[in-house]
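Structures given as structure tokens follow.
After this come two complexes, each holding chain A, first together with chain B and then together with chain C.
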Partner chain A sequence: MRFGGIDVGSLTAQAVVVENGKIAGSKSIGVKPNPVDSAETVLGMLLSDLGLRHQDISYIVSTGYGREQVQSRGLAHANVSEISCHGVGAFWLLPGVRTIIDIGGQDAKVIRMDTAGELKDFVMNDKCAAGTGRFLEVMCRTLGITLDELGTLSLKARHPVGLSSRCSIFCETEVLHYLQRGADKADIAASVNRAMAERVAALARRVGVEPDVTMSGGVAKNGAVKSELERILGVRMVPCPVDPQIVGALGAAILARKMGGEK
Partner chain B sequence: MKTLGCDIGSLFSKAVLMDGENILASKIIETTGNIGVEIEPLIEEVCRQAGVSRFNLDGFVGTGSGAELLEDADFLEDEIACIAWAARCFLPEVELVVDIGGQSITSMLLNDEGEVIDFMRNDKCASGSGRFLEVMANALGVPVERIDEEASRAKRRVSISSQCGVFVESEVITHVNNGEPPQDIVAGLCDAVARIVTSQARRFGMGNRYTFTGGVAKVKTVVDLVCERMEGEYQPFPLDTRLAAAVGAALLAETE
Partner chain C sequence: MEDPAELAGDILNTHLEEWRRGGGRIVGYTCVATPREIMDAAGILPYRIRALGKPERELADAHLSRFNCGFCRACLQLGLEGTYDFLDGLVENNGCDHLRGMFEDWVYAKRPGFFHYLRVPHIVSEVSLEFFAEELELFREALGRHFQVEITDASLKEAMERNNRTRESLRELFSLREGERPALTGRQALAVILLESSLPPAAFEEYLARFLEKSRGNEVKGYRARLLLAGSATDELELVGEIENVGGLVVCDALCYGTRAFWNLPRLAGDPIHALAEAYLKHLLCPRMFDDYHTRLDYILRAAERAKAEGAVLVYNKFCDLHGVENVRLRMDLEEAGIPVLVLEKEYGSGADLGRIRTRIQAFLERIGG
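Our next item is the complex of A and B:
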């Protein structure tokens, strides 16, 4: 039996199919204006990659933005919150994990799990762009670099500059001033990643950080944010064994397996 | 007594030359990275306009986030004290002053003597500040000075649900892409700013006589929408609201 998970985020959408307790395939795309279109497209692309039809998937769970609409349009049998899906996905990959730091395009969550993989506690910021992928996007726009470059450029930094603001809009002004004064982009990039990690660490401290800790979401691919977080929180992150962006969709697929009747 | 007040704010710097409670001259310039060398010409221009020699001033007080750049001021005073003093002199009955500045919103509660007995300041977050309006005006292509004019032509107010400036900017862009008329988006933004300002002002309780100062207080649409939500009596600050701190500084110079 095959089970599917669809996760529509603010910037990207993912689909995962699991079969016989293994990931049969996954797909990630940039989002369309409408979450239902995103879900339909990403699932369609994955199914065509796998040579499958929609009816070949026994049970599908949707999560993320518009997860109810995705279900009501018949693309999924059920919908589950992102918090649960990220927790389940990470725990399935790494049974030792107790803390998941998920940084998405427009929000950040820290999820605590117990030894049985049950959700213990969580904290979420979706009100303020600071400490979310959006902050990094705004800073990259100001620096004239891509999100992928931000992590690598940061490794070349020699004298990181000080960024004193928390607010993304004020940080943008600070970054502009540094650029006007001729500061090195690598030094600014390193400070942006540090500022990002400080905000996320502050969020994580509100629920406590118990090892093992892992990261999911697109920002987990930024090595500089990850190492800054390790330094601030005093923990080593367990690397996510799959693309960290598919953890939510994977969790949805694992839940689909449970809900669809397979043990 | 001819006294000078100078307020180096986060977005704009202001100088005002006063004779008692009368403004003889004033000038507002943008605070740029070069402000250090632009202060002296600003002060000289104001003195020249007023026909007063730079060296014959009876007092000079500096304030604002960049006040330490005013090396030859007699003394520097906190903006909150300056704004409260200006409010007390022109509106002696006012109990609550809400200053909506370039990068902060400050609510001040005054006692019968016009002394600040409590205040609350948000300068950590751009939400609702002048910078917030600038970012949105930029995203819309409507200059800040034209906000009232645009909003007056609005047929409806688009809904803005976020508070964070970055997220509101995305909402604005979405509204533009959906073909909403700019004036309706401007009206929605004014409502969002009013909501943010009111929620801070209301923490000091309601029913006070109140006034607004700072750059955003010049946007009538915002002020009207805040007043709709407030109880108590609104008393408009009788001078250019952007000058409140500088005026307070000049008036404080007189007391020394």
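Our next item is the complex of A and C:
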């Protein structure tokens, strides 16, 4: 039997199909204005890659911001919050994981799982772009670099600058100020990543950080944020064995397997 | 009959308009420490100011800062734009500094006909009770002087008796919510409390009697878990509705605009001013009160136990210092008592943020197995 998970977030949408306890395939796209269109497209592309039809999937769970609409349009049988899905997906990949730091496009979450893989506690950021992927996007635009460059560039930093504010708008002003003073972009990039990590670390401390710890979501691909988080929290992150952006959709597919009746 | 949430959805309802047309006076207040009986005894309708989740702030933000509680800014906005022009006066008290700022700006900008500052002590002691009784006496005098009405002990006792009756009916209604088969939703319960403080007493008594009768045989079905909702000034029917839409039925509460307004108040009798001072100060369940945390914790634990709540949502508005600090300790103590907790910090009245609130509530229900 095959099971599917669809995760429509604020910036990207993912679909995952699992079969016989393995990931049969996954797909990730940038979102469209309508979450249902995003879900339809990403699932359609994945099914086409796998040579499958919608009815070949026994049970599908949707998650992410568009989860309810995706279900009500008949693309999924049930919907589960992205908090549970990221927790379940990470635990399925790494059964020793107890803390998952998920940083997506517009929010950041720290999820605690128990030894049975059940959601134990969680915390989500306030309604603010600071501490989310959007913060990094804004800073990259100001620095004139890509998101991929942000992590690698900051590895070359020699004298990171001080960024006093964690507010995206104020922080952008400070970055502009440093650029005008001729500061090295690498030094600014390192400070941006550090500011991001400090914000998320404060969130993590609210629910406590128990090893093993891993990261999911798009920002997990930024090595500098990851190593700053490791330094601040005093832990080593267990690397995510798959693309960290598909963890939510994977969790949804794992839950679909459970809800659809397969152990 | 009209659903309470429909009736409570407007600041100015038809009953109030009728009251005004008949020459009735209305005085606005916000803090739960204000003894409504004194206004009631003067024949004045005590109206508890609310914002009902309205998001506009542009006039208020010219007076208060963005670091003030959104509820206070939303109320001030309504005051400044004239929505509350039907009030004949305002009663301020030192419930919290955000509220004080709101009233002071409101009074400065609108110059209401009647304004009184009722000071409420932060501790309960023999001396503070005596002080509060004197404050209530001053309030009685000020009201009487301005509105040209004599507020006698006899009229106060009559008002106390009327409010005793109302509170008994409210307790009965709220007990129906807590039962094995909840008879009403949390949204309806919040609406009933909002009606209590916005309808003429006789109209509310009549409505409550009918709603109570209707609720007796009712049963709310189709929810995933029973929740306790506690926190600060929460008059947002939409928010409670969203929590319930996701599947968390609010079966009991410890909200400022909820049970905290009436549940613990004893039956009032005896010397009216002293009885009111004692009842309102000794049973003031608010983190503004010093050295009284365990009374508040105990109130929540008892409510959760009575209603068999499976989890607690501690809600508060951004920049609410009192509840923000209180919730840290409450969360730890409730979790230790075996009650899972979700602390829900939110921007007041932000409809656009409901999606994020839904996600957190849904995840919380998934966590507690609902």
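Note that in this section the second predicted complex is superposed on the first by the 262 of 263 C-alpha atoms of A that agree within 3 Å, B and C clash if a C-alpha of one lies under 4 Å from a C-alpha of the other, contacts with A are read in each partner's own complex, and residues count from 1 in each chain.
As a working rule, contacts are C-beta pairs under 8 Å (C-beta built on N, C-alpha and C of every residue); 3 or more make two chains touch, one makes a residue touch a chain.
Keep in mind that what you see is a predicted model, and the values were worked out from it rather than measured.
Q: Sharing chain A, do chain B and chain C clash or fit in the superposition?
A: These partners clash in the superposed model.
Q: Based on the superposed arrangement, let me know which partner A:K120 touches: chain B (first), chain C (second), both, or neither?
A: Once the two structures are laid over each other on A, A:K120 reaches chain C alone.
Q: Examine A:I83 and indicate which partner it touches, taking first as chain B and second as chain C; both and neither are also allowed.
A: So A:I83 only meets chain C here.
Q: Touch test for A:F170: chain B only (first), chain C only (second), both, or neither?
A: Touch status of A:F170: first partner only.
Q: Taking the superposition as given, does A:Q180 touch the first partner, chain B, the second, chain C, both, or neither?
A: Once the two structures are laid over each other on A, A:Q180 reaches chain B alone.
Q: If we overlay the two complexes on their shared chain A, which of chain B and chain C does A:D107 touch? Say first, second, both or neither.
A: It touches chain C, and chain B stays clear.
Q: Examine A:Y65 and indicate which partner it touches, taking first as chain B and second as chain C; both and neither are also allowed.
A: In the superposed model, A:Y65 contacts chain C only, not chain B.
Q: Is A:F135 contacted by the first partner chain B, the second partner chain C, both or neither?
A: First partner only.
Q: Thinking only about the overlay and not a real complex, which stretch of chain C clashes with chain B: 1-9, 19-27, 37-45 or 73-81?
A: 73-81
Q: Do chain B and chain C touch any of the same residues on chain A, and if so, which?
A: 127
Q: Looking at the complex, which residues from chain C come into contact with chain A?
A: Answer in residue numbers: 318, 345-347, 350, 353, 355-356, 359-360, 362-363, 366-367.
Q: Quick check on the complex: what are the chain A residues that touch chain B?
A: Chain A residues touching chain B: 106, 127-129, 134-135, 138, 165-170, 173, 177, 180-181.
Q: Report the residues of chain A in contact with chain C in the complex, numbered from low to high.
A: 65, 80-84, 107, 118-122, 124, 126-127
Q: In the complex of these two chains, what residues of chain B are touching chain A?
A: Those in contact with chain A are residues 33, 103, 124-127, 131-132, 135, 162-167.
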